[in-house]
Every structure is written in structure tokens, then in C-alpha cells.
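Just passing along the structure, written as C-alpha cells.
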Amino acid sequence: MSVFDEFLSTPEMLELFGAPSMLQSMLDFEAALARAEADAGLIPQGAADAIAGACRVEEFDVAAIVAASRGAGSLAIPLVKQLTAAVARADAEAARHVHLGSTSQDVIDSALVLVTRRALGLLERDLDRLIEALFALADVHGEAPLLARTLLQPAQVVSLGFKVANWLAPLLRGRERLRAQAALALQLQLGGAVGTLSVLGAHGPAVARRMADALRLRLPDAAWHTQRDEWIALGAAVGVLCGSLAKLARDWSLLCQGEVGELAEPSDKGRGGSSAMPHKRNPVASMLALAAGQRVPLRVAALLATMAQEHERGLGNWQAELAEWAQLFGAAHGGLKALADAATLGLEVDAARMRENIERQHGLVYAEAVSARLAATLGKAHAHARVEAWSRTVAREGRPLRAVAEAELAADDAGRRIIAAADWPVLFDAELAAEPARRLAAAQLDALRERWRAAMGARDA
Amino acid sequence: MSVFDEFLSTPEMLELFGAPSMLQSMLDFEAALARAEADAGLIPQGAADAIAGACRVEEFDVAAIVAASRGAGSLAIPLVKQLTAAVARADAEAARHVHLGSTSQDVIDSALVLVTRRALGLLERDLDRLIEALFALADVHGEAPLLARTLLQPAQVVSLGFKVANWLAPLLRGRERLRAQAALALQLQLGGAVGTLSVLGAHGPAVARRMADALRLRLPDAAWHTQRDEWIALGAAVGVLCGSLAKLARDWSLLCQGEVGELAEPSDKGRGGSSAMPHKRNPVASMLALAAGQRVPLRVAALLATMAQEHERGLGNWQAELAEWAQLFGAAHGGLKALADAATLGLEVDAARMRENIERQHGLVYAEAVSARLAATLGKAHAHARVEAWSRTVAREGRPLRAVAEAELAADDAGRRIIAAADWPVLFDAELAAEPARRLAAAQLDALRERWRAAMGARDA
Amino acid sequence: MSVFDEFLSTPEMLELFGAPSMLQSMLDFEAALARAEADAGLIPQGAADAIAGACRVEEFDVAAIVAASRGAGSLAIPLVKQLTAAVARADAEAARHVHLGSTSQDVIDSALVLVTRRALGLLERDLDRLIEALFALADVHGEAPLLARTLLQPAQVVSLGFKVANWLAPLLRGRERLRAQAALALQLQLGGAVGTLSVLGAHGPAVARRMADALRLRLPDAAWHTQRDEWIALGAAVGVLCGSLAKLARDWSLLCQGEVGELAEPSDKGRGGSSAMPHKRNPVASMLALAAGQRVPLRVAALLATMAQEHERGLGNWQAELAEWAQLFGAAHGGLKALADAATLGLEVDAARMRENIERQHGLVYAEAVSARLAATLGKAHAHARVEAWSRTVAREGRPLRAVAEAELAADDAGRRIIAAADWPVLFDAELAAEPARRLAAAQLDALRERWRAAMGARDA
Amino acid sequence: MSVFDEFLSTPEMLELFGAPSMLQSMLDFEAALARAEADAGLIPQGAADAIAGACRVEEFDVAAIVAASRGAGSLAIPLVKQLTAAVARADAEAARHVHLGSTSQDVIDSALVLVTRRALGLLERDLDRLIEALFALADVHGEAPLLARTLLQPAQVVSLGFKVANWLAPLLRGRERLRAQAALALQLQLGGAVGTLSVLGAHGPAVARRMADALRLRLPDAAWHTQRDEWIALGAAVGVLCGSLAKLARDWSLLCQGEVGELAEPSDKGRGGSSAMPHKRNPVASMLALAAGQRVPLRVAALLATMAQEHERGLGNWQAELAEWAQLFGAAHGGLKALADAATLGLEVDAARMRENIERQHGLVYAEAVSARLAATLGKAHAHARVEAWSRTVAREGRPLRAVAEAELAADDAGRRIIAAADWPVLFDAELAAEPARRLAAAQLDALRERWRAAMGARDA
């Protein structure tokens, strides 16, 4: 719609939901309807041929249809009018069979399903690219020790592979969730005026079956004009995926901060500059995904709120749903593609900086380990309180935790026995501290790769 | 963005927030910046002339700017590049003064303010049309008795004028709220990289003042890169107006129901038909306003959620805000213009049907009046219980309340004294029952017309 | 929280997410943790017994824990302190083993999972009651012809069973969706400070497995402190179910309108009265479900928006998620239970009024059938235009469509041949017009009953 | 509602919107109604005394009223019943005059207005504390140079006072916005069943005037049962304030990061610890305000979405509005009070760390200044490109920008003339770089203090 939507979405997705694409899908529906009705003996084969032959959007006045739709209350009404006229020019007799038994919402819903199938293809394409790139990142830099942060405070030491595994797992699950829900939601809509297909008489079910086959769509149990649950559940699955993407983008953006400096988005020509500050290197992929992360939840809310559609066809809510649906995919793809592009171009990892950030914590990131060691002798509560006090000393005096702790424990014999001299370096070693995370990450990444290979096999089969 | 946004918005509003319009406003900013800097002696007048002369969007490659913006992270960066190149072709020396001291967000925010001023003009234009048409409706049909409904149940009798006054008052207030908040929010944005205008040295304030004058924008106390409160409060005011419009559309749609039939949207050629059912006359204006009513609150939520912008300039949230802002206006105008068009073409009022719907309630709409009369003798609680019981009899047996009540009270002398024979017709008269509403409506409409005349005076002054 | 939440939710659900219930579940987690650690040889069995023995919320100062939680930033911190003190009073040695290796979020997330399992049980209980009652409604009144409405306008004739089937199908699907997603989302949370369970060394996985068994929770692939996708997907499934409930409530509320009068919510003592109007019978169940339908989508949006949690544990977003989660279930159950109660008490169906509403449409609801019949001779576009014109005559003159159409067609021989005299009553017969809907409904209801029997078998197995 | 709402809100606000407080306010309405009706001669003074005397919530069965409200569809109905019974026990005659002419929504809306006035008082109290503390922060640490960040990247140098001024200004504006909108929105609700006060006959206006005086509420132009714009606009003003608070909390949380370390929330006993990590010092005030920042926008969206209320009284949407309203204030106060408490206890500012973070940027934060200097000779575009290239060298080689730039410019005579030797230290001096920000901040803080003094004068007058 606005230049900002162009900025935050992608040309591909905007094209998909634009007027020519949607109208062509509506025409595909009309062609399939005519063919199915001819096969069922409801209309002559010649008429079906004439109708199908006219179903090419290039020959329609798209702008006029869109302009007329506001007054008509539906895109389908002016389209069917133009289609009928176009068919009539070639074959007056055939024109009387256009759109037989169907209704506006049948055409629009089914067309949107067709377009959505392609939209999901775009999402999956870029999701796959992102996943591949993250696997590669774990391969190259996975072992590097990394500061874990909780509540935006330094916590303990993990490994980059551990972090990447935790980015990856929700993406693989999100991909599966999308596929599973798409299998349920990509359904033909064909119910006629009120969902009974009454005009087609006994032929209704057969026509629907043929159309579903022709368009490779699921045949629903019933028309779903105002029963939108499977459809909205698909939208929600896109929303959940975007949540996982926003989490990843949040992490990237925090790791890219100048004061952290552990990660940088790739900088090729024209990426992430500033019109004022020549030194800037802005994390624009994170930016786009974070923007999507702010917008998508509200699209899902809109979709859910539109579900209370009146009786056999809704007034206003269905129409709002269509527009929100398109925006959901636009925003989602804008964020996803940006992340996939950045990850594929290559994130820059600064392992030295990662190590430096660990070291700069005065050893506080080893506090839980020290506390756990003390707890064996002192009990958890007492140990925790003691290390908490030392930590305050560290913060106040800027001395390393190890020095503070050693000095305190050295004050009496009991203290000296709690931690043997040889154990101190072990407790305060980033590489050793990263080990539990590495072990977990190795197992988790193995399992994810297995799952990924299976997914790729299914995709390419 | 999608064909559905085209359907639910208006061509005018889409054009305003589209790339050429926004880029021209950005160029207007650059021209005003150069002129103000020349006036302040920061750059040569000739350079300012050369820059201002190049600021015509027709000579830019709009598609290339939009395409480059995603990677750059901002629309301003590729625009400034093209502008610099364009100026250089005419005057190489002048090119070095393009965009001096400013930053991307200055350009984009200020341009969006300029576009928003025009967007508010569109909203006000159609709001005024709607208000005028509603005043006319009250003039013609205001006295007609009308069934009031609470919780979607028949309640009592009011007048159409009473209902119209209650539609009008929030619209007049909404108009004033928009104007008042626009006066605060339509501000120049000019802060340079981090809000200090440091590059302009001591000249910063003078340059800002000149630009604000030239662009007829308010001069803010400080740059508002990440202090969005006045701006978002304007968005919220649009949201509140749309809430009042949705309330009106909800009422229209309910009054247009076949079973109610008291109101019909105008039916001219091509309005509100159905592709399946030739008899349909759908309330498409209500539909568009209800759709807006579902979408707009979520745009406002998005705007509020984007306010937590980081430090001196946000990452992702500002960008999301821009896009949501444009959509807010697109959706709002789609609904508002549809209502204004319908009201101006003329709503059809069926006063006979209004009367019939009152009569069909078996007199239950007079139950509170009867109860109030009984209460003088029996007390409120007892009277209420008694009429409640009679009402159940009415519902069960389909007899009119008056007959039930008269029969019950006639059973004993005390009862007969409570309501005199002559009072029964008075209690059950729609015209008389409408009187309190008529009186209130007359006073309220007078006051609203006064307010409206003052507003029109101010507008045209 | 407020009296209005008490009004719109249910006492059962409020109790579940209240402090005593949540703290008890947190204590259940601590008990299970201690036992699992004892079984793994990490702590003495006696300590585990002492800890488990102290895990009874009745012995805690709940108010003090809640009050301390705001400053502490977490409910778990003051709880663990009180627990440690309580254990210490009985067994000083055991106290040192409390909460070993775990972190606040482990306790709170796992406890919320336990509470949520019970919350889902409440939802399912009342969903099952609603489903049963709707099946019964279809059994008793399913054949009755009913006016179908599209865009809030009279459309064609269906049957009540057709409508009920369309209410039921999404509820059965919603039930399955909840079960399927619950099986994925009801997972143990156990990761320790940063998700690595590092304090437990090699014993971590074994402890986790034992705890999952003991608490009958799924064992996740990894800690999900900031990977909330399965969890939020469960919240979204609740949201989709509420959308289907809101659709049903919207239909009920419209059918209950005085001017429609086809349905009434049950009126027992104290239901749906008015403090002012003794005759009122408000559809309070619809009201509560519609209120839920307005609130729930925004809770889902909140959940999705909180997914962008920082690094290994979020700041603010996780905490917001917890509160929104509780409210989601509170609102959902408030609406669902109200509908289930009303449906079980018994909706009142007024079949005579349903028939009357069909008849009052002047035959316009048969317009599509007439048009379809004409189309065989005239072609669809021509037939549609002709019936559209007749419909305008009907609306203008108040004459029945049949009379208008017969008169028009009788004007010439060709016309007379299009519809034989004997066919007119067939085209304008409500019972016959309901047949396509009845056939579809019969098949759909059979399939739904089959699915329901299977679901009940699974539930009771 | 849930323990998490207790955690994220405040006891004071929860108490205000709880059942006893709301019911007492409803009783205050009933007492004022009776007195106003007695003054108008509608009921005996003795009856008014008896009614007013019974309006003490301590003597009501609050739990029973809440329990009955769900079935009744309104809190007012069971309350009025209990009140009538209570009055009757003292004075049977007086009982018949309870609630005369009013309706449930009059009572509940007016009571909520009364409660909201006190809720606004709580917000203002803590907002004032926060503002005072921020002024004090600027007094003490305002001159300290601080790294400005844009898009989460280091940008230039400002001063802490500049940042504080930008936190303060929206809070003062927010305070004024709340006051201005409260003056419009805190209105009496009194319309009777359908807004006409018909039962009170000609006395309606006088009764309303007396009640408004007695309750110190604005007298509205008309009942606003379904015209919620002024009311929702007040909710939106709370929402905008929370957006400004969330922005402040976002900044705090980022400045508190271990890797930044420029700010710390106060750590007193029990604040911000971790159950696992003894060294943690979590920014819990930021956490609570960020949580509010995520929840509040969706409450505002809910309020806006409920505005489409049907006819004279809404079904479901009004009820949803009430509950969302209470939550809005609960969440808002939870965040605001936490920030006020932390600011009042005292934020810890680490000016040394602020300086260190500037120094660690290799001089890149002076890049715009260098570029501006070069631009005088080379033009803006060329200068920008050159500094951009040097910045890449800095990033690649880790050498300071000054060294890179000096070396590059020294390579030829023209270069050497661009920046004189004496100018280099000036360009790369944090104190000097902070000057523009300090100047702006001084002026802005002066103006804000002036505004603040005026506000305090008005408050205490």
C-alpha cells in the first residue's frame, strides 16, 4: 500500500497479493468451475472451453475492476461481469454459463488459497536458506565460548553452537507447523450463495471434487464461508514463526551493539549505512525482522477478531480478514527474507570479542559454579548468600571474583578446605565453562540435522 | 499493498502515502533545508537554488530508490544519493551542500508530517460531508418514533432524531480532537544524527525556525526522533474517531437487516449487489466502515507498541511505525468515505417499518413506563417484579402487555385504582413515548448545530 | 484482577491461576526436583523426603511471597527462600539441597504448564457440554427451515440443522487442535540458569527424565526458556477456538433479536434481566462469549509479541507472557462456560417465527432459484439482471416476487414457456427450498457424530 | 486476576478496581441519586436518607453479588436487589424509591468514573515522583558525556542531561494530556433505560445536575452509554504515557547491560536477585515497565475495538470495555510505580564507564564531525564516502579513526591543508563533542522546570 510497506515487505510477496495476481487466480477458479460443470454434464463442453479460454487476466481491465469493487462490495462482481462480457464476445451461448452456482466468496476465498500456497512457498524458500546458513554458522563457529545473558545481564558461559541450536530448533518446528496446517487449510471454497450449492442440485459434490482435484486443493467437509478456524490457524502458524524470527533478530541486534561487538551483519555495498554518519553499519536485516515482529502479532489478532462472522456470510469482518491476511504474509516475508539474505551472505562472528566480553565480567559469570561448589559443604542457601556478598564486593571494588573468593576462604581452615587450590583455575576457565553447553548443542544439532535431512528429502521427493 | 487494501482504502489516500508522493515531500524537505541554510549563511544561495531546483520527483528513479531502500535500511539514503547526483549534474559545487546537517529520520519524519497534513484534510473533508448529511437526516426524519434497543433487545421508544444526535455528537468531538492534536503533532523533525543538530553549530535553531516557517509546521521544543508521544496521540485520535464511525456503521447495519428494515443504504447502479443472488442489496458502506473498525484499533496498538524506541533512534520499531501510520489513514479513510458517500447519496428511512417494529413488541416496550407508574403505589421493586411476571405472560401467550396488565389489575379494587382507565392509552402510545427523546434531541441538535456553525466558520476563515 | 474480570471469567479458572494454586504447582515442581535428584544420587533421599514434605502451600505465607516478588523480580525467589527456611526448621542438612541446579523460570514455567493442563481440562469439560447440547439441538429442531443471511441480509432458505452443523464442526476441530497442541506444549521446563543444567553435571538429562515422568509432562528436546513457539502455538489454538465460539455467539445474539425472535437463551431465575426494564430478557451467554471474543485475540497478540525474548532469558516479555496467558484462559472459559450452560439449560427455538421470517421476505429468498431456472433459457447474466429488476419492483411495491415474476413472464409466449405453471409453487416452497441444506446437514452431522464418538472413546479410555 | 497480575500491577490499583471498591462507588451513585431525587421533590427526603444510610458496602454480601452478576448479566442488578432489601429492613416505604429512573449502566459507568478519578490520582502521584527524580538526576550527572546510539549502534557523543531531558519532556506532556482528557472524560452517566431519563419526566436534567455536583463529575451533554469517545480517548492518553515510560525503560535496560554498564538500578535488600546466580542484579523496574509496555497497547486496542457498541446499549463490547479498562490502569501503574521507586531510590550512574564506552569506539563516534569538516572542502557526498572508507579500515584493523584519517590526509598536500594539526584534538574530544547536547539540554531543562513549577503550583492550589 504505502511506500513503507514496500520497504518492509518484498516485491515478490507484494506482487502475489496484488490485483493482477489475485484476479488471475480468481479466473483460474472460474475456468476450473466451468470445466468441472462441463464434466458433470451441467454445461456444454464448448461453453467450458470458451470460458476457460477467456480466463486470462491480461485481457481484463484490472483497474476498472478494482475501482468498481468498492461500490459493488466485492471484487468478484465486476470481474464476473467483465468475464461474462468477454466470453459473450466469443460465444454468446457460453456466456450464460459463467460462474454458475457459485458466489463471490467462493471465487475470492479459493483464489486467496491459491495465492497463499505460493506465498507459503516463498516463506519456505527463505526459511530453508536461513536454516542452512545457521547450520553452517554452527559448523564454523559453534565451539566458541559465549557469554549467556539473562534479563539482559551477564549470566554464565555457553557456546555459540548452543545459541545457534536454540535459534534453529524453533525454525524447524515452525516449518513443520506451517506444512501441517497448510495441509488442512489450503481448501477449495465452493458453497454457492449460502453454502448449500443448491443451484447445482445433486451435482454439487461431484463438481466440488473435480475442482479440488484440478486446483490441487483439499476438498473440505463443508463450505467454510464463516467457519474460518483452519484458515486462521494457518495465519497463527505464520505468526508463531515470525515470533521465533523476531527472537533471533532481537539476539542478533543485541550481539551487534557496538559495546558487545560479537556479531555483525554482512556489509556489502549499500547495506546499513547512514545518511549522516559515515561510520555506521546498521543491522538492517535485524531491523526488518524486528519491524515484522512488531507488526505480525497484530495481524494475527485482527484475523482472530474477524472470526465472529455473521450467519452464512459476514459483513465487514470477512473483508477485513482478506486484507489482514495479505499484510501478514507481506510483513512476514519482509523480515524472513532479510534474515535469510544476511545469514547467507554471512554473519561476521568476532570470537575474540566474545572471549573478551567473558573476561571483562570479573569472573562473575562463574559465580553459580562457585556457589554450587560451596553448596556441597555449606548448603545451597548459605553458599548462595556468601557468593552474593562476594559479588557485591566485586561490583564495588572492581576486583575479580576469584581474588575476592580466594581471599575470603583463605581466612580460615574450613574455608581453605572447601575449594582445593588446583580447582580454582578449573572453576574460572571459559573453555571448561562452555563444555556443558557444547555437549548439549552437539546432541541437539545432530538431532536437528537429522530432522532437516528428512525434511529436505520430503521437499525434494 | 494488496488488492484488498485497494478495496478497503481509497485511491486518494493510497496515492498520498505512495512512493512518488512521499518522495516528493522528502524532496520538499531537502529544498527547504537548503534554503534555510542559505538564509543562515551556511551554504551559498546559488547552491540552495540548484538543490531546490532538482527537488522534483518526476526526475527521480522512484523504483530504484525503493528497491535500494531495503538494503540501505532507509528510503532517505538512496534518495539523497540520487539527489546529490542530480544536483551535481547541474552544479558540481552545489552538490556538496545537499542534506547538510540532517539525517534520514529528519527527512522521512518531516515528509510524513507533510503527507499527514494532507491526509487529515481528506479525513476532514469526508467527515464534514457525513456530518452535513446526518444533520439533514435529522431535519427530515427526526421526529419519527423508533424502537430503542439495548443488548440487542427491544427496549423503549425514542425518536430517529435522538439516534442521529447520538451519532453526530461524537463526530463533532472527533473532528475537534483531530484538529487540536494535529496542531501539536504536525511538527518539523530536524535534529541531525543524534538530535543535537551539531553539524550546524550555532545556526541550528535558526535553520529549524526558517524551515518550520517555510513548511508551515510547528517548531518543536526538541527533535522527537524517539519521543513520539504527540505523534502517536494524533494516531490515537484517528483511532477514536474510527471507533465512533464503527458504532454508527454497526447501527446502520443492524437497522438495514431484512427483519428490521428501518434503514437502507442508497442503491445506485452497481452498489451492493451479489454475484449469486439477484435480490440482494448489501449495506456496503457499513461493510467498509465495519472493516475499518476492525483494523484500525490494531494499527493504534501497533503505534503504541512501537513507542519503546531505543536510545537516540530506534531499530525496527520506528520503521514499523511508519508503515502502520500509513495503514491507519488508509483504513480510516476507506471507512469514512464510504459512510459519507452513502449518507450524501441518501439513506432510505422507512418510518412505517419503524412504527411497525414498535407495534410488534406486544407493548413490552412500554413496560418500564407501566412499571414506573405502578411504582408510585407499589414501590419500585414490587412494581418491577409484577411487570416482569406480566412480561413473561406476554412472551408465553403472545397477548399484548396492555391486555395482560389490565386484566390482572382489574382483578381487585386496589389494582383498578392504580391506573385510571383514561391513562392506559397514554401509557401505550408510541408518539407520546417518543416525546422525552424528541425533547432531548431537539436541545442536543440545536447545540450541535451551533457548534457546527462555529466549526465551519473557523474552517472557512 | 478487577471485579469485571471476575464477572467475565469463572471462579474455577480464577482459582487455578491464583496465587495459592500457582505456588502449590511450583512446590510440586520443587518436590519432584528433589526426588529426581535423590534418585540420581545427587542428594540424599532423606533430604528429598524432607523437601517434598515441606511442599504444601498451606504452610506458606502466600501474601508475603507475592508482595516480595515485585522487588525480587520473580515469584520463585521468595518462594524458594520460604521453602528453604521451612525445610531447615525440620532438617537443617536437607535445606542445603533445595532448588538445586534449577532457576526461577524452570519453576514458574513448569508450574504454569501444570496449571494449564488443568485449565485445558476445564475448557474441554465445557466444550464437551456445549457440543453435546448442540447435537441435541440438531436432533430436535434440525429439520426446521431457516432463513440464511449473508452480509446481514436475507439470502435463501436453509435448515436449522445446517446451521448447527456449521457451529459444531469448528468446535470439534478446535477440540482436536487443542489436544494435539497440548501434547506438544505441555513440557517440563528444566534448564538451570542458562539452559545447560550445568550444575547437575552429567546427571542433568536423567534428572529431567525422572521429573517429566513424575509430573507426567513431555520431556523437551531442550530448555525452552526463550523458545516459546510450542507454548504460544497452544495459546493460539485457544484463540482460534474462541473465534469459533464468538461466531456462534454472534449468530445467537442476532437470532435472539426481538425483530428476529427465532432463538432465545434460557430464562431461569435471575438470568438476563434489566434493572430498569422488567420485560427484558437479555442473551447473557452470548454477551459473555462476545466479550471473550473481543478480548482473546488481543491476548494472543500479546503472547506473540512477547516471543522476541532476549538471549537466554527475557526482560519484561516473559513476565508479560505469563500474565497474558492466565488472562487468555480466564476470558476463554468465561465465554465458553456461559455458552455451555445456556445450551445445556436449553435454547428456545421458535420454528413458527423462523417460518414467518421466511414468508415476510416477499419471496425474495427464492430469487436465486428463479434466476437459476431462467438461466437455463436466458443465460446466467441475463437471468440475473432480470430477477434483479423484479426484486427492485418487489422492494418498491411490496408485492411478492412470485406475483411480479409471473406477471412479467406472462406478458409473452416465450416468457410463459420458461417456467411451467406447475413449477411456480415448487420454486416458492420453504420446505423444498430447505432440502439441499437438510441433505448436506444430514451427511455432515453423521460424520461429526462419528468423529465425536471416537473422541469420547478416546477421552474415556 | 492471576498471581501474575498481582506481580505486574500494584496492590493499590488492584484494590481500587476490586469488588468492594467498585460496589462502594456504585452505592455512592445510588445515594447521590436518591438525594438528588429528593431535592427535586421526586421522592421523600426521608426515603433518600434511608437509602443513603444503607449505602455502605461493609453491610453487603459482596461475594454473592459477584456470583449472581454472571447470570444476571450485570453487577448492578444483584446490587440493587440487595440494596432494596437492606433499605426495606429499615424503612419499607423508602425501599420503593431505590434506583428510581436509572439503569445498570448508569450505576456502573458512573462508579467506574469515580474509581478512575482515584486511579488517575495514583498514576499522577508516581509520575510526579519519577519526574522529580529525573530532574535530580539531571542536576547531579547532567554534564557527563554519553555515547548516543542510533539503531543500536554507537553514533556520537551527547550528555546525560540531554538524554534525561528527552525522557522528561514526554512525561510532562503525558501528565498534561491525562489532566486535559480527564477533565472531559470524568462525566456522570445518567440516562435511564435508553438514555432519555424518561422515568424522571421533566425533572431529569435537574437530577442529573445535582448528582454531577454532588459527585464532582462533569455533566455531559447527553448520556454516553454507547458514545464512548471521550472515555476511550482518556484510555488512549494512558496508553501514550505508557509508551513514553516503556521508551525510558528500554533505555535504562540497555544502559544497564553488563557490556554497557553506564547505569544500574538501585540494589537494596531483595531487589533483582536470581534464584540460581548469586551475582545477578537484574533491572527489575525496567522489567516491570517493559512488561507494561507490551501489555498496555493491546488494552488500548481492545478499548477502541469495543467502541462499535450496538444501538442504545451494547452486547458484550461494553462489558469487555470495563474489564480492559481496569487492566489498563493495573498494568500502567505496575510499570510506572516501579520506575518511580527505582528513580527515587536512586539510579547509579557510572560516568567513568560512560567515558570508557566512548573511548572504546576507536574515534568512530567523531566520524560525522570529521566528515562535516571535510565537506567544507570536498563536498558532503565525497567527504561522506571518504570517511566511510576510513571507518571500514578502522573496523578491519582496529586502529583509531584519528590515526587512519591523519595518515590518509598526510599523504598529499591538499589533504594536509583540510584539517590543521591543531584541529585534530578538538575533533576527537569527548567533552567538546558533548557541548552541543549540553547547550540544548540546558535550555530544554530550564523550560521543563518552568513548566513543572507551574504544574506543581496548579496541583497544590
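Per-chain residue numbering starts at 1, and chain names A, B, C and D are given in the order in which the chains are listed.
We adopt the following convention: a contact is a pair of C-beta atoms (placed from the backbone, for glycine too) under 8 Å apart; a residue touches a chain by one contact, two chains touch by 3 or more.
Because the structure is a prediction, the values reported are computed rather than measured.
With steps allowed only between chains in touch, the distance from subunit B over to subunit D comes to 1. Chain pair with the larger contact count among C-D and A-D is C-D, by C-beta pairs in contact.
The distance from the centre of subunit A to the centre of subunit D, each centre being the mean of the chain's C-alpha atoms, comes to 32 Å. Within subunit A, the positions touching two or more other chains are listed as 73, 99, 149-152, 155-156, 193, 199, 249, 253-254, 273-274, 276-277, 282-283, 287, 290, 293-294, 298, 301-302, 305, 315, 368, 383.
Of all residues in subunit D, those touching subunit B in their complex are 73, 81, 84, 88, 92-93, 95-101, 148-152, 155-156, 158, 162, 165-166, 169-170, 173-174, 177, 193-199, 201, 204, 221-222, 226-230, 232-233, 236-237, 239-244, 246-247, 249-251, 254, 290, 293-294, 296-298, 300-305, 307-315, 368-369, 372, 375, 378-383, 433, 436-437, 440, 444, 447. Listed in rising order, the residues of subunit D touching subunit C in the complex are 1-9, 11, 14, 17-19, 22-23, 66-78, 80, 99, 102-104, 107, 192-193, 199, 249, 253, 270-277, 282-284, 286-295, 298-299, 301-302, 305-306, 315-317, 319-320, 322-327, 330, 338. By the touch rule above, subunit A contacts subunit D in their complex via residues 147, 149-156, 253-254, 256-260, 267, 273-274, 276-283, 287, 298, 301, 305, 357, 360-361, 364-365, 367-368, 371, 383-388, 390-392, 394-395, 401.
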